[in-house]
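Some structures are shown below for you to check.
Heads up, the next two complexes both have subunit A, just with different partners, subunit B and then subunit C.
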Partner chain A sequence: MTAADAPAESRPNPLLPFTGIAIVLLVWEFSPRLGLVSSGSVPPFSDVVVAAFGLFADRDFWGNLAVSAGRWAVGLILAIAIGVPLGVAMGRNRVLFALVDPLLTMSYPVPKAALILIFVLWWGAGDLSRIAIIIMGCLIPIVISSYHGSRAIDNRLVWSARALGTRSSAALFAKIVFPAALPQICAGLRLAIAISIFTLLASELLIRQSGIGSYMFTFLDDGQTPQVWACAALLATIAFLLDLGYVRIVHASLRWFEGDV
Partner chain B sequence: MSLALARAGGWRIAAAVYPFVLVLLVWWQCSAHGLLGNAFVFPSPARVWDSATVMFADGTLAAQTLVTLGRVLAAFAIAFVAGAAIGILVGRIASVRAALRPLIAFLFPTPKIALYPAMLILLGLGTQSKIGLGVAEAIFPILLGTAAAASQVETRLLWSARALGTPESRLLWRIVLPAALGGLMTGARIALVGALIGVFLGEMIAGADGLGHMMAVSYRTLRTADMYVAVVTISVVGLCLDRAFLFARERLLGWSAESDFA
Partner chain C sequence: MTVAAPGVDFKLQARDVRKTFVTRGGKQVVALDGIDVHARPGEFVSLVGPSGCGKSTLLYILGGFVRPDGGSVACDGAVVRGPGPERGIVFQEFALFPWKTVLGNVEYGLIERGVPPAERRERARRYLAMVNLAGIEGSYPKELSGGMKQRVAIARTLAVEPDVLLMDEPFGALDAQTRAMLQVELMRIWESTRTTIVFVTHALDEAIFLSDRIYVFSQRPARVKAVIDVDIERPRDREAMLDDPAYATLHHRLAQLLRSEESADDGSGRAG
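Presenting the complex of A and B:
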């Protein structure tokens, strides 16, 4: 969706994108100051910014953020390592697809983050449970997009590669199937990144021990409202920047790929 | 022909039943051999079934399920109406799109759960904060699906309708909304599960009732079998809602190619 295919008769004012944000921030700043909402529950934006700088100076903030980031990275990498080969294999093998797809369909509406309570019973509240829950959370979009990616391959590519002497299925996978499926896989990964962060934070809010989610909840327990809002806003910003960075990297590295990630 | 149809129907039933059978078998075998822990942390399906019948008999299971279901449907309804309305505006009016795009681009990928502590402060510990999280999870798929479809309404359709005398005020209902319905419903399917997950997690993290709260309390009071009852119940509710939605969409979109998606 670009501005070019907009159904509008005239070009919108270039300042409009900024006014949208400005209005939200002004409402946030002045509705507590004017007493429209209680400043105890919604602190003015400027107070939240001050609180955010306070968090930057707190060693615990960075420590907990690093703990969460480490779990997230390990979980996501493992999910990719499991999900992409599984999904691509499902695309090339109908029996495997028939076996795995109903399981994915069944587990789709299960709130995966809730399983953290059960994983904690099995494996304790440490990193193993945290990483397992991230894998559970984001496996489905990775598998499904890899499946669709490898399904969409033009069979003539595979035939040509065979005719030109690529015999082993491993080589066929590495040289033809995987590169051709890559754009779809990347689109699924974008979803997986968002879902994995969601799952991680939800599990840290549920079982509070370490990590940025439990760090945020201690402010809620202590009634430090500006810090809660600052934490929430910073996490939202981090997730947004990750998403933005990911889209940029994919577009820069997959030059043959057209369309939305 | 009829044989082939019957065979296809048999396969469909087998494919629908097979995952449940497999999960039950694996669950039963793992618990019988203590693979993931003893009977306390990993009770057998039979023990969980016993807990469920006890909770069903005293009415708590049905009552908590209804509380959660009501919140999910409320969150979905709010997200559906608001997401469709904003989506149409964003899709059809360039200035609205320009004004809202940065906000939507910012909020869409953020984990809404990070905002839940702030919602608890703003909306309180009761039903409102759960619905709030459900709406936050559900609105973006609907909004973006509707906006994408509404922005691609064929201009010729609008011209034809105008030429045939459709008044401007009715173009929205006669042309734009039907054309955007496919995108709206595709987003709404994701949104329904999103609302369910949002409400359930909201109840788990802080609350006084609902299936999510039931699970959290069972964890704290170490009634482990009850936790499994809660997880299985919410999953069944989610599956039923998803199936019911697909059925409704089939009815509503029978005329369009969109209904071909399972």
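Presenting the complex of A and C:
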């Protein structure tokens, strides 16, 4: 059989991804109804949907969501503001790298969730602790990706810039090093977004008091299982949309980049 | 070998340049062992030698990107202490700024110079036209072929009108046809701008076609083994030149010089 006789590879049916999701939803809907799982722990999908609409109408839901979103945004922005310049500078300066890298390496495997309690002891259960833990959680991936981004820069780009008249280190940094490292930095930020959401939620479930995690836990205490599921599903959806939106924005801004972000 | 007398009429001059590297294992490797090289204003000079002999290192020292361990480099009589727009450089891998468009790349040096927007746009367009690339100003480097990228790199450097153009095997990453085409383009551009050019290559036909003079380097530790004048009349026709007996003699001579270098390499330190 020659190559010409081989059957052409047919494209997978474009409905397949939806079919997979549909199957999961069907299982979710009917397993509790048929008694395959306890409906006390796993409410049917339709109940969860109804509960979700109930949450939309609840002012407390939006209030707590806003509180969480605020903490998350502040924590993430600070982590970026600290982590990106630090990582990029570490990539260009061996002394800085030698000073900072051991600290990062040591703190890398430490579960940030464990640090939450320490922060609470130190700073109380307010926003400061929450924000600090978010920063702790996503600082390392940001620094590492910024570091690698700046290390991977072709030095000839810097030399070309110098031979075209750029003199100061600061100017080279801003005009050449930073844009060249941007794709790697953006890859690290994507990870940081996911990690920061997770860390925020972990801290709120643990310490409660306010925020969407705390709000969700209250339903668990009251045995309102569909609401717990609805909260979780909504948070998952929000995280998914944030990630999707981020990737879209990066693709549009980094149109010049030859690889994948 | 006579050392060229300190001349004010040399555009670029390297005197007794030495460079030693320390390898990972701590060994000292002498890359350049007392190099004397010069280029007169408007001259096209090539540096040829076996792979890894240090000719690129010398080029970087000429440009001020690397400090020599001994000797000095002067450009227009002034000692070279660092890189600058007086000594433009073009690399084998193009080194275009990927986040900038073609126009953005060519305008870069002009922006650093403080040239006002209207004038710099016009100048950038002029140099793009000079390398036959009018019309692709808005494209990004990733959309261009190798030959086009290199032409953008050349335009980018020429736009700041450097005193000297340093070229590090600029056509090495290109296929044979594009390479031949760009050699002819470079000749045409050089005939009109008469920028002083120092050109590193290990393609002998390229060196002969392009240069006024060729420095032949020995294997590491590199010394100038010979300086060959290319007496073929200009303007040179790349195809017709191959039939010129003077070309054949030169090519033979250069090949001989390099062959004795390659066999002299005892394989103890195959340079990269």
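The rule is simple: the second predicted complex is superposed on the first by the 250 of 261 C-alpha atoms of A that agree within 3 Å, B and C clash if a C-alpha of one lies under 4 Å from a C-alpha of the other, contacts with A are read in each partner's own complex, and residues count from 1 in each chain.
By definition in this document, a contact is a pair of C-beta atoms (placed from the backbone, for glycine too) under 8 Å apart; a residue touches a chain by one contact, two chains touch by 3 or more.
Since this is a predicted model, take the numbers as computed values, not measurements.
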First, second, both or neither for A:A113, with subunit B first and subunit C second: first
Partner chain in contact with A:Q209 - subunit B first, subunit C second, else both or neither: neither
First, second, both or neither for A:T105, with subunit B first and subunit C second: first
First (subunit B), second (subunit C), both or neither touched by A:S46: neither
Which of subunit B and subunit C A:L157 touches, first, second, both or neither: second
First, second, both or neither for A:L182, with subunit B first and subunit C second: second
Partner chain in contact with A:N93 - subunit B first, subunit C second, else both or neither: neither
Partner with the higher number of touched subunit A residues, subunit C or subunit B: B
Footprint of subunit A on subunit B - complex, ascending: 15-16, 18-20, 22-23, 36-37, 41-42, 91-95, 97-103, 105-107, 109-118, 120-122, 147-148, 151-153, 155, 193, 196-197, 200-201, 204-205, 212, 215-216, 219, 224, 227-228, 231, 234-235, 238-239, 241-242
Residue ranges of subunit A in contact with subunit B within the complex: 1, 3, 5-8, 10-13, 16-21, 24, 37, 41-42, 98, 101-103, 105-111, 113-115, 117-118, 121-122, 193-194, 197-198, 201-202, 205-206, 213, 216-217, 219-220, 225, 228-229, 231-232, 235-237, 239-240, 242-243
Touch list for subunit A against partner subunit C, complex: 154, 156-157, 159-166, 176, 179-180, 182, 254-258
Complex interface listing, subunit C residues touching subunit A: 60, 63, 65, 82-85, 87-89, 91, 93, 95, 97-100, 108-109, 112-113, 140-142, 153, 156-157, 160, 162
